[in-house]
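Structure in structure tokens, see below.
Should a chain be cited, it is by its letter among A, B, C and D, assigned in written order, with residues numbered from 1 in that chain.
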Amino acid sequence: MTWLKDERYEPPPRRNHWRMKLHEVIFEADTPAGKAFDVLLILSILASVVAVMLDSMGAVRLEYGRLLYLIEWFFTLLFSVEYILRLVCVGRPSKYATSFYGVVDLLAIIPTYLSLVLPGSQYLLVIRLLRILRIFRILKLVPYLGEARLLMQALRASGRKIAVFLFTVLTLVVIFGSLMYVIESSESGFTSIPRSIYWAIVTLTTVGYGDISPQTVLGQTLASLVMILGYSIIAVPTGIVTVEMSHAFGRKISTQACPECSAEGHDDDARYCKFCGSAL
Amino acid sequence: MTWLKDERYEPPPRRNHWRMKLHEVIFEADTPAGKAFDVLLILSILASVVAVMLDSMGAVRLEYGRLLYLIEWFFTLLFSVEYILRLVCVGRPSKYATSFYGVVDLLAIIPTYLSLVLPGSQYLLVIRLLRILRIFRILKLVPYLGEARLLMQALRASGRKIAVFLFTVLTLVVIFGSLMYVIESSESGFTSIPRSIYWAIVTLTTVGYGDISPQTVLGQTLASLVMILGYSIIAVPTGIVTVEMSHAFGRKISTQACPECSAEGHDDDARYCKFCGSAL
Amino acid sequence: MTWLKDERYEPPPRRNHWRMKLHEVIFEADTPAGKAFDVLLILSILASVVAVMLDSMGAVRLEYGRLLYLIEWFFTLLFSVEYILRLVCVGRPSKYATSFYGVVDLLAIIPTYLSLVLPGSQYLLVIRLLRILRIFRILKLVPYLGEARLLMQALRASGRKIAVFLFTVLTLVVIFGSLMYVIESSESGFTSIPRSIYWAIVTLTTVGYGDISPQTVLGQTLASLVMILGYSIIAVPTGIVTVEMSHAFGRKISTQACPECSAEGHDDDARYCKFCGSAL
Amino acid sequence: MTWLKDERYEPPPRRNHWRMKLHEVIFEADTPAGKAFDVLLILSILASVVAVMLDSMGAVRLEYGRLLYLIEWFFTLLFSVEYILRLVCVGRPSKYATSFYGVVDLLAIIPTYLSLVLPGSQYLLVIRLLRILRIFRILKLVPYLGEARLLMQALRASGRKIAVFLFTVLTLVVIFGSLMYVIESSESGFTSIPRSIYWAIVTLTTVGYGDISPQTVLGQTLASLVMILGYSIIAVPTGIVTVEMSHAFGRKISTQACPECSAEGHDDDARYCKFCGSAL
């Protein structure tokens, strides 16, 4: 959840006054100029994403294709300049470049250049949307960030259990998919094992497109089993996450480490370390 | 949840006796006349909604179109008169007019008039159904109102977490939708990014119409990912709401200890210690 | 949950020895004869249900239709005789006849007679399956009955909340269905408001047949809203039931009433009334 | 959950040195040779499963069918030799042969031999995937095994409740399916009771293929009921599993009170009072 982290990259060393100024405008949102920059940035992002979407619609492209093409390049060049400025004005460019926002900022401009070689890849520009996550920082939506952190904490706490669950689900769909491939003929759409596994996923997750569906009595019986299984085992991730959330939301654990033994995980109301007894 | 609020608008000032009388009949349900009025009102609403539904069915309209048209206008005029009377007999008309019920009452008559200009809009009359929420007040279904309040309380408490969740879901569907647009051809139904986003929503929410479904191996692989994701992350809102509900419904256990035997864990309403019988 | 109740109907008054004997065999499962009768009964029920199912399959009926017809009448007459014997040997026939099992026993023979007048109604014979619920009593599956009672208790405790939830869902589908009827044309399948409401239910519950699906951009946008809503609000019944179950499974509440003040709802470990302090 | 158990079969009696050596390599993963063997084994399994999948794809089989056939036999013979070696080097062969892994190891080679008689059965070779469960042991994924055990414990604890739930669901789908068969005509796909039951399962579990869907008003009304039922009762298994998980995962809080300050609520692993710092 690196996007939850504050974007506090070191400002450049003292002497370069203009770089510090730039840093203040681009990376911070405390000054009027910094706030205006961020708002403008978000509007640009939204505008460019809408342009990409419109460009993907045949009728619109026919009429306004040229205009949208120009808009796309305009925003790409704008964001490219912004990216370079960010690299220039930050204290340690390599740290920004490898951070979550740095990678997203780069990914948000590459597709347009790539589309010169690989037509169609410009639609990947919607990744720009991720840049909007900055909105949380700008609007000072601290309570929301707090909630997001709590949610992530609960999900991380249940990570291993979820992994075991997903591993089980994957094993199940491979085996059920293969069984269906043996049972059903190609006419029903079960033309290969991978495709049958795809059907098993569609069915177990209760999505049920219906583009592939069993026709034989045996196949429908097995499919019924898969459905009831999928309907029941959804209780497993739900149960896991609910329990972890109830722990995460309920009990405040302080981030304090014991000054003596460095143990962590103390309750919020603890005044002494529960492992060595020294005052916290 | 303004519809949970009691409809206690100020009666008009003393002197206008007939207005107070009218207020009693229309807004209150304590007198026989008031109750009769409310029951009649609900029956009228139900009848008019049924008429609207019947009117929408081709075969029925062909035969009884004229009759249904008259019924529609009859109820609309009736409700219009009722709306005006409500405005007249209430103490502060502006407060009623801007209240939840006031807005619904107005919305419930507008569509018929609107249909003179915009044919088809009369089907929006089903909004009249919302007027029936008054039934809770009339039937004095207080326990149900209490439960509804509890539910709303739990949902409001989890509002921010749900907002973070929905924001994540929206970001996911936009990105997955665009990816599918790049991967799949138009023949499979992925004709534009907005339409692909629609597919992503249909899939992530496990609805799965099947009107658009991926045909390529890469597309089906990505779709499988979206399905398993949708199947798993439904645990998140479920977990959030469950935990908040468990807080909202939570049986109150007082923190009081018995002054005699020091036993704890007494119910909030306990007046005597359940272990030694001494007064708490 | 009347089927959870033990089937202890009063045996007939003393003098009619053969009726008491019959009562023991038919209604009880403690003697070898009683157990044998019950096992035979269940096998007959299963056989007759299988016969009904086979009869519904075109190819099978063509070949064995005459045989299945005879089997159907054989079992119906058998169960008719059994029903009459039950009425004869029980102490208060009217009580049995109006009990859950009495009604099911009657419903299990009526369809065959009805099919003489209304062809096709014999397929309703599957209601005989409900007779099999007796199996819990015969196999002395007491722990399962206990679990079933706990589940029912939790569901009954959450009854009002579920009612509020269902009322909300019904209001939502009527309004969304009508909106879609106005937005979408008949060609997409939205031919009337009731049919559009059907679509809204199919979508909100995330079933998603795809026999009716929106084609316009506005319709798909509204549909997306309905899907996300349905995907999210499933958390509500889940939360309700989970919380109530956690109460029902967790905390033992004794059925004891205070001998002094008649108050109920005491904890299992309570020794004194929590309201008046007198010993329980 | 026998696959969670450690695979510690007795090594053969002392004197046969080469058998002990073999046992160490094949059954254990502590020595470099043992680890190398296990890694190789897992790679072989994955390779053979991929080969089976590729073989099922028409286009690939056309081109590489002969090669894949050889690969299949190569791995089958390899695994056959391995299976025999396992039987030879283990202390009590019968115990291994009847254990979970022993049965899976056998099932993983049978299909190829069977395919000589029954063409098509070689696709069942994907059962080999289950052999990969050994990966948990090799990679010493003890924490994951622990989580899996916790999950299984919660599921086993809720076993009876889930059984009652599944029994109810099965009764419901049989009765609803039969009702739909009586209501709907064959043209909508409800050609027999078993097929209608299949529809009821597809609908109740909210999968919703749409290959069979009701066309009459009465049928759609009943279908709506089934959908709302399915949408609501999914809360039941979810609630059951959540509550049991909350018991199984429950953070251990000791009942110990501090000997100095009498404070309670200490963690199970606490050695010092968190409020006054004195030893517990």
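Quick note on the criterion: a residue touches a chain if its C-beta (ideal position, glycine included) is under 8 Å from a C-beta of that chain, and two chains touch if they have at least 3 such contacts.
Predicted model only: the values in this text are computed from it and were never measured.
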Set of chains whose contacts include both chain C and chain A: B, D
With chain centres defined as mean CA positions, report which chain is farthest from chain B. D
Copies chain C and chain D touch; is their interface built from the same residue numbers (over half shared) or different ones? different
Work out which of B-D, A-C or A-D repeats the contact pattern of A-B, with more than half of the residue-numbered contact pairs in common. A-D
Cα centroid separation between chain B and chain C, in whole Å? 29
Taking each chain's centre as the mean of its CA atoms, how far is chain C from chain D in angstrom? 31
On a C-alpha centroid basis, what's the spacing between chain B and chain D, in Å? 41
List, in ascending order, every residue of chain D touching at least 2 other chains. 165, 194, 206-210, 230, 234, 238, 240, 242, 246
Residues of chain A touching chain B in their complex? 49, 52-53, 56-58, 120-121, 123-124, 126-127, 129-130, 143-144, 147-148, 150-151, 154-155, 162, 165-166, 169, 194-195, 198, 201-202, 204-211, 230, 234, 237-238, 240-242, 244-246, 249-250
Show which residues of chain D lie in contact with chain B when the two form their complex. 206-210, 238, 242
Could you list, by residue number, the parts of chain B that touch chain A in their complex? 160-161, 163-165, 171, 174-175, 178-179, 181-182, 186, 191-194, 203, 206-210, 213, 217, 220-221, 223-224, 227-228, 230-232, 234-236, 238-240, 242-243, 246
